[in-house]
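In order of appearance the chains are A, B, C and D, and numbering begins at 1 in each one.
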Amino acid sequence: MSAPKKVVLAYSGGLDTSIILKWLQTEYHCEVVTFTADLGQGEELDPARKKAELLGIKPENIFIEDIREEFVRDFVFPMFRANALYEGLYLLGTSIARPLISKRLIEIAEQTGADAVAHGATGKGNDQVRFELSAYALNPEIKVIAPWREWDLSSRTKLLEFAEQHQIPIAKDKRGEAPFSVDANLLHTSSEGKVLEDPAQDAPDYVLQRITRPEDAPDTPEIVEITFEKGDAVAINGEAMSPATILTKLNELGGKHGIGILDLVENRFVGMKSRGVYETPGGTILLEAHRGIEQITLDSGAGHLKDSIMPRYAELIYNGFWYSPEREMLQALIDKSQEHVTGTVRLKLYKGSARTIARWSDHSLYSEAHVTFEEDAGAYDQKDAQGFIQLNALRLKLLAARNRRFK
Amino acid sequence: MSAPKKVVLAYSGGLDTSIILKWLQTEYHCEVVTFTADLGQGEELDPARKKAELLGIKPENIFIEDIREEFVRDFVFPMFRANALYEGLYLLGTSIARPLISKRLIEIAEQTGADAVAHGATGKGNDQVRFELSAYALNPEIKVIAPWREWDLSSRTKLLEFAEQHQIPIAKDKRGEAPFSVDANLLHTSSEGKVLEDPAQDAPDYVLQRITRPEDAPDTPEIVEITFEKGDAVAINGEAMSPATILTKLNELGGKHGIGILDLVENRFVGMKSRGVYETPGGTILLEAHRGIEQITLDSGAGHLKDSIMPRYAELIYNGFWYSPEREMLQALIDKSQEHVTGTVRLKLYKGSARTIARWSDHSLYSEAHVTFEEDAGAYDQKDAQGFIQLNALRLKLLAARNRRFK
Amino acid sequence: MSAPKKVVLAYSGGLDTSIILKWLQTEYHCEVVTFTADLGQGEELDPARKKAELLGIKPENIFIEDIREEFVRDFVFPMFRANALYEGLYLLGTSIARPLISKRLIEIAEQTGADAVAHGATGKGNDQVRFELSAYALNPEIKVIAPWREWDLSSRTKLLEFAEQHQIPIAKDKRGEAPFSVDANLLHTSSEGKVLEDPAQDAPDYVLQRITRPEDAPDTPEIVEITFEKGDAVAINGEAMSPATILTKLNELGGKHGIGILDLVENRFVGMKSRGVYETPGGTILLEAHRGIEQITLDSGAGHLKDSIMPRYAELIYNGFWYSPEREMLQALIDKSQEHVTGTVRLKLYKGSARTIARWSDHSLYSEAHVTFEEDAGAYDQKDAQGFIQLNALRLKLLAARNRRFK
Amino acid sequence: MSAPKKVVLAYSGGLDTSIILKWLQTEYHCEVVTFTADLGQGEELDPARKKAELLGIKPENIFIEDIREEFVRDFVFPMFRANALYEGLYLLGTSIARPLISKRLIEIAEQTGADAVAHGATGKGNDQVRFELSAYALNPEIKVIAPWREWDLSSRTKLLEFAEQHQIPIAKDKRGEAPFSVDANLLHTSSEGKVLEDPAQDAPDYVLQRITRPEDAPDTPEIVEITFEKGDAVAINGEAMSPATILTKLNELGGKHGIGILDLVENRFVGMKSRGVYETPGGTILLEAHRGIEQITLDSGAGHLKDSIMPRYAELIYNGFWYSPEREMLQALIDKSQEHVTGTVRLKLYKGSARTIARWSDHSLYSEAHVTFEEDAGAYDQKDAQGFIQLNALRLKLLAARNRRFK
């Protein structure tokens, strides 16, 4: 790879990406463009601008954007249409944010004439893969710089030395090492490393960033109604809201009621297992509600097909293949299923759990006439079951007769 | 089908199967053998014997058995090795009991020289299918009688008239109609019908049979540790127990802490949707714990393969295909994966939820040396990630270059 | 089911459906509408009109249509985009025609005010299922009459008696029984029954209806080039043609060169195995060619996903679920993959086989620069393979280290 | 990686691996052990011993073995039980040989105290991945040396210079460059590179190594009968043979009749497409025959499940994951299905194609009584089909009624 001339850096404004910024300038003598996004991580963006300026970035090279609506509308919601869970439990909160950041990095690179992008993910994790696969899928010519895989600033001490040497301001609380590492966006907060590294040890309560401990949540359940249109949430308690507003509101509800805490050991794409504590308050409610509305609006053929491809879909997102033909093909399949996933679900939120307790829809496939215990109104002829069972049994009978001959 | 001469009836001792017993005697003039099983449904079996005798069944034709250990060991546990969930949520508590009952019916038929078996499931539900597919798979010559699909006792009034006419004792509380229908065994209790038929209406609290409402559960969390060997639970809090004892103990814990309530609209095999309230206290804890121990003992290749076939496996059990070659093939695959699923999981039980908070095992694949945020001890070379990403990206780059030519 | 008043009958003009026509008139005293389609079965349609008139059908109730283009464009081609093979070998020639016939039956029923449709398929086969599932999926209120399951004309003798009794003309060659049963359309001819019923016996050569025996095919291979656009064949040897014309032309080529004979024992949806001889001359060439063009235009992620869902897609079509949400969802996935499946394939046809020997496309993903044995031009860095392998191996190493501890 | 002290080299005796041998000695100053296997590639092994001695390998460090029986019995046959085809067409002839070679390399390393293994695969292909994943899965501590990724002998000229410089004898026909590259074993011969690199160009006839051109094959078809037991071929024309003998015999038959030529563009695991010509004469016959016997002995549930997992199974083998838990899990599933795959298939071999024309078995599930066109003997009640269709249609009707409301 020839040396980059102009690099768009995914810049948080924090210490680590500030060091990367300076390292890019000194190592590659290249122009740096910073991109700072509000994905709902709950941090002010203004300081990032000031810090970038302080580090010598030209104003026209500083990009700061609120992309929360795009994030929820074009990434989170499509994923939730699939009821995606990685390894049965994980709502993919980190994974789903990376492709959007890469997309903006590439767009800004094309807009500013940059030939490279850079990110602050380490060489051990999944995020490097997600950033880079997305970048290459969107621009096969782009160069990607991953300083953590290249430099020798591999200890906290060396990092701080480099920062001091280059006049990068260090917040007091960053001098010591954090007891664990955090990533956050509107969908979730993940914590991992350090005090969490031994999966045999309980995670300390102070790890929780945005969800109240269930034990400290309100003693009274709260009822919430979520309305869907074509598979996407569009209203809460009857009030229409934008995608990001809905997720924000659900986060408040879930956070308050202790909902969405997950302590997980998962398999990284790069081959090792890692342990994380994930907080996905709104997403956990949203998954439960989406399943609830699908229960009455989705046919079994459609639902079972979705269930069967879901693990692969989730794995693709986890592994960083959002911009792959197979993810897009699966999305086409999923989206096709959601045409009638319209209606409302009532849930009960209480001390750590969100449970569907009722659901209704003009698009419902539920037929009380067919299922009723009351005397039949003629909708269903029980005698049909006889033939249904006989023909389903036929091959089993032939098998049994055959197998008997060989016992 | 020629008329049956001797029928083995799945007999609960309740009003409905007593009517069936008498109906078989009067309709087919055949000898009836009764089979009453303790599957952990929580009812005394002695009254069933007395009632059968009262209805004229010869003592040698009355079979009463405690099959709880066989149920958990050979049916529940193998199913839980798969983390089986039907339609994402249902733990298959009713489905998994049917094949065992059919197996005993067929064995008793062969032992007593009966040429038919009979069950009390209706023509609208899944249970008729499960009973009969199992029966035919085990004995292709057997006749199966499903009175609900045949007779004209299709209203409560007619049933009661028939009972009175044939001196079948009717408990006082059975004169009126129950507000919903219940099925129970050691794994779960299901309620459906009547007051539950409208899925837009919340289920009334009185539906719950064995789980305390979360709101009424203890205010203090309880910690429990479950130990697994080769995928099956073998001990609770360090105390070794038999399969049925473990499930019984977990039921107590789950029931006490409000764990395992599910309000679901599901797709029946016979084509319509139905709504049920399921209580699976111990099973819900067991699933969470099994996932917890797999997190550290199962490799990603094995785990992802299991995840991908799970929906089909669950569907097979739901639809009644326990004794099918494809279920057995999937079981072989699943069992093969469990050789090292040995270790202990710590869970926190609190007001409706069971969460894994720690897990450990001599068979663990988790490697702190690989994942650590600390400086590397050489276990993992971050530079390898470069090549890994480049080759994973190669096809995406080729795609991007191709697709660009057509924009 | 209440008695039908007006029935649209799938009418071939042959003896069997003429008997059905008359039976409907006499049994149900209902008005009959006939629908006769040219699906490429190679029979004149005019006689069907005359025969219908003779049997008393009003001219406005006789529908005769050439639907070959719709058949190939909307049914055959979409299916071939999937490379669909049932049970690894069968090109679904009969299965794919049924949904279209049902669609027209339902449309004509709505147009003529008929409340029922009827078909001539027996109660043992798949076609009854395909006709009826399609009909119900398109009109849930329609009545379907399947005379073969209802009447008592269950022997050849009774059928002929009924025909004579009702002045239905019987062609001389229909007096005796055919040595096997044939179904044909533009995609294939199937033969089954009678002389073919013992799968241990070779099918006699006279079974072949449209394909030359390979031994009798030309001694000189023929080269053909097929061009695709977005997954569908659009030209042969550079000459653009309509869908039905292309399939007709490929049938000629395949028939001449002995290509597309299949002797198969398959599993019917209704539970038993059956043996058939299938002739699919053009389809066999088309599948080979479509695979050939996908080889260079489809990415591995897309291709492998398609391969993995293909068996289910084929099974859905075989079982009669063309008009099901899951087939439509899979179709959306498949169609999404075909956007760049554009280019040309060269095949060699010779004495029973069609083999791709070359393929090219502006949309090709094949990169000689990457694959070449020549010295690298820098497109690919072999050292990347090191990291790729290391990270793919990581979990296997961790597994091996773990498993060693337990040996 | 620290320097290796003793290396086991997969040694063919040819020029390339001789250069590698010498390069290992000069570059790493390590002791070299050679392993030369007879996998049926059709080359004498004696010259390899002499050449190894000439290059200074101690006699006790030269391992020469005939592993054909193990190859067919433990690798080829298990794979054929799955009807494995990569990307719909490829019989995995190269892929399946690699794990066995790696297994022996690792065993010899443990026996001779070697700390490394080496192979002659390049950095662009799949074989490096297969060799190395297998090696690491069998010994997580082993070092693997892949000279082609390390050295700078990257042109033909440099290689020959190195050979001359180190007195490595060069056969005259190796001075010039071969027009394509060949790999062979008992299952197949693959050719790729050079004259084959442009997939738009027909492969020249001289590429074929072991199969007669169909045009030159005998004008008379040949009939062959293959007998299977539990999924594996055990006899040809009634004569019992060992696994390797059977494959050898089938190779003769296929080669003679022009059977098993495949011209393919496939997707390599390392991300690019490549074009190869594969000759798999016996394997092509074996696949057809195995399908033939499964047609009558395998139930549809078992068969369809096998079909659905086959693509993943084939991909695992292609990608080098033979020794992975997921391949072993799938193998357990597949092997479970083969218990009754016992019987005989008759095939017709003629000018490029092998077609099943008859099959029979004591284990057959085919029931003439059920399928017959003759009047029923009572095995099957056509009226059952009514109920079967009604219940399969129920959800489609409910869907149609729902969807109509929104048109």
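Here is the rule we go by: contacts are C-beta pairs under 8 Å (C-beta built on N, C-alpha and C of every residue); 3 or more make two chains touch, one makes a residue touch a chain.
A quick map from chain label to UniProt name: A, B, C, D = Argininosuccinate synthase.
Everything numeric here is computed off the predicted structure, so don't read it as measured data.
Trainee: Shared interface numbers for chain A and chain C above half of all numbers used, same, or below, different?
Mentor: Chain A vs chain C: same; shared/all numbers exceeds half.
Trainee: What angle of turn lays chain A on top of chain D when you fit their CA atoms, given in steps of 5 degrees?
Mentor: 180
Trainee: Which integer distance in Å separates the CA centroid of chain A from that of chain C?
Mentor: Inter-chain centre distance comes to 42 Å.
Trainee: Can you check how far apart chain A and chain B are, centre to centre, with Cα atoms defining each centre and the answer in Å?
Mentor: That pair's centroid distance is 32 Å.
Trainee: Could you say which residues in chain A touch two or more other chains, in rising order?
Mentor: Counting only residues that touch two or more other chains, chain A contributes 267, 270-272, 299-301, 304, 312, 321, 324-325, 365, 367, 370, 380, 383-386, 388, 391-395, 398-399.
Trainee: Can you list the residues on chain D that touch chain A in the complex?
Mentor: Residue positions touching the partner: 299-301, 340, 362-365, 367, 370, 380-381, 383-388, 390-392, 394-395, 398-399, 402-403, 405-406.
Trainee: Can you list the residues on chain D that touch chain B in the complex?
Mentor: Those residues of chain D that touch chain B are 267, 270-272, 299, 301-302, 304-306, 309, 312, 321, 324-326, 328-330, 332-337, 391-395, 398.
Trainee: Residue numbers of chain D touching chain C in their complex, please.
Mentor: 83, 87-89, 122-124, 128-129, 132-133, 136-140, 146, 148-149, 154-155, 181, 193-194, 197-203, 214-215, 219, 221, 261-268, 270-275, 291, 295-296, 299-300, 303-304, 307-308, 310-312, 315, 320-321, 323-325, 346, 350-353, 355-360, 365-368, 370-373, 375-376, 380, 382-386, 388-389, 392-393, 396-401, 404
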